[in-house]
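You will see chain A twice below: alongside chain B first, and alongside chain C after that.
Take a look at the complex of A and B:
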């Protein structure tokens, strides 16, 4: 088969925009987290646990992790696009990365709701 | 009239004779009238006529004498000898196949340029005199049409090094925006469709090497940002 160069996947904009929006969410969460953590009367396990016990902080933290993993997905895929040329290896790396990130998100949810 | 000797280290490669490229040390005596790097190269060529490089207009208009000068892409005819550290290290533009010495094969660069259809697309019959624009509409083209296609920008862009066959590159994208921004062009949507791709446009990660090296002081990064803005406005 002639190895023709194919482009035109039509998904660049969504990911580019998604990366920027998730960055904004992570920046806002960082401020929220800093305010909450610095506002603790004392840095111990009980206070730390109480901080994440509220529904809002739990949801915000989960949203932060969801944004982080989407951000990472786009960034890592960019690296594969630049440096990994064989399509089979790249597809395998995509699959491993996507599964890992989905797993991490589940792990984050489990940790947050177990508190 | 004062004269001085300048040392050069120049990339040499003749595929007919050399197994692999090598750096050759050369020196040349320059007069006070030899102010630009191209003047020095012409003198070097007079001493050793096997040294190969492109040059034509010698005033920064044709873009033929683009090369890597002390690690940074630029035009030999616009580069002041006084500002160069000795020895002056000259290499061909990075990322493109070398034809010989400082001459590169620009086929891939021009293929990307042609892929963005660098011409006005307007299917209406041409008016008797000209297609008019307001002064504001015309101003939008400033900083875009002046590109001389020297390839200094695209060959300094790591995204173009990794994907020269898929990423349009800063020069091609600057030209793409030149036609997207042109109110006389009727193919705006098709042009945006043509670029909406993770490789063709979105390999640009805004590192701005292109802006740093452009000998015409153009800003491809800004043009690329405006293309992305238009895509967002179209999508939402």
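Take a look at the complex of A and C:
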């Protein structure tokens, strides 16, 4: 094993770690979601809405989305870095992706907070 | 030696059609493909999520969309993508903390990821279908 001392701005480490922490949060949420969904007596609007309307589930679901979009950002950026070489196109893709993800978070939050 | 000279001497074999990926490599590229697929389909998934919660009417609309056989097929694919990404992700996290790093166990866990994610897809898919 190499004992490497991490120096500098830590951007790579931060994203690497962030990708993994968000993955753990999402994995836990996935189990929570599955348990809650399986526990629904019947899949109708009232039950489905009530499942997300509780304070804890709303908080957890928002956290899931926030983690998801950060995780997506790191993963998709890795894909661009591997396959998209022209700087201009890569920059454009980065910008579009980041803006989309911010918009997605607003979209999901809006749906959750009007419950 | 200059960097250019070094680069020239390096043997390259990037014939994608000729490379036979080992099982862990196969799981790895599927992890990337499933992630990219899920990203591309996020607008559809978010549309389904928000319309399922918005109102009684939009919930009915959501029901209509997900009961369409074509979107069922797409959702089935996305379900597999999510479950594969989930299982392979747990495997990568374990590898990160040096669990199952040796080749025989890495091959076994790669096979397990493929089998378990497919099984879960069929199980959950049949229940939801």
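The definition used in the following text is that the second predicted complex is superposed on the first by the 105 of 115 C-alpha atoms of A that agree within 3 Å, B and C clash if a C-alpha of one lies under 4 Å from a C-alpha of the other, contacts with A are read in each partner's own complex, and residues count from 1 in each chain.
Keep in mind that, in the parts below, contacts are C-beta pairs under 8 Å (C-beta built on N, C-alpha and C of every residue); 3 or more make two chains touch, one makes a residue touch a chain.
Remember, it's a predicted structure, so these values are computed and weren't measured experimentally.
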Partner chain in contact with A:8 - chain B first, chain C second, else both or neither: first
Which superposed partner A:45 touches (first chain B, second chain C, both, neither): second
First (chain B), second (chain C), both or neither touched by A:23: second
Per-residue touch tally on chain A - higher for chain B or for chain C: C
Touching partner for A:83 - first (chain B), second (chain C), both, neither: first
Residue ranges of chain A touching chain C (in the complex, touch as defined): 20, 23-24, 27, 30, 45, 48-49, 52, 72, 75-76, 79, 100, 104, 107-108, 110-112, 114-115
For the chain B and chain A complex, residues of the former touching the latter: 158-159, 162-163, 165-166, 193-194, 196-203, 205, 228, 231-232, 235
Residue ranges of chain A touching chain B (in the complex, touch as defined): 5, 7-13, 15-17, 78, 81-83
Chain A-touching residues of chain C, taken from the complex the two chains share: 32, 35-36, 39, 42-43, 46, 49-50, 52-54, 56, 59, 86, 89-90, 93, 96
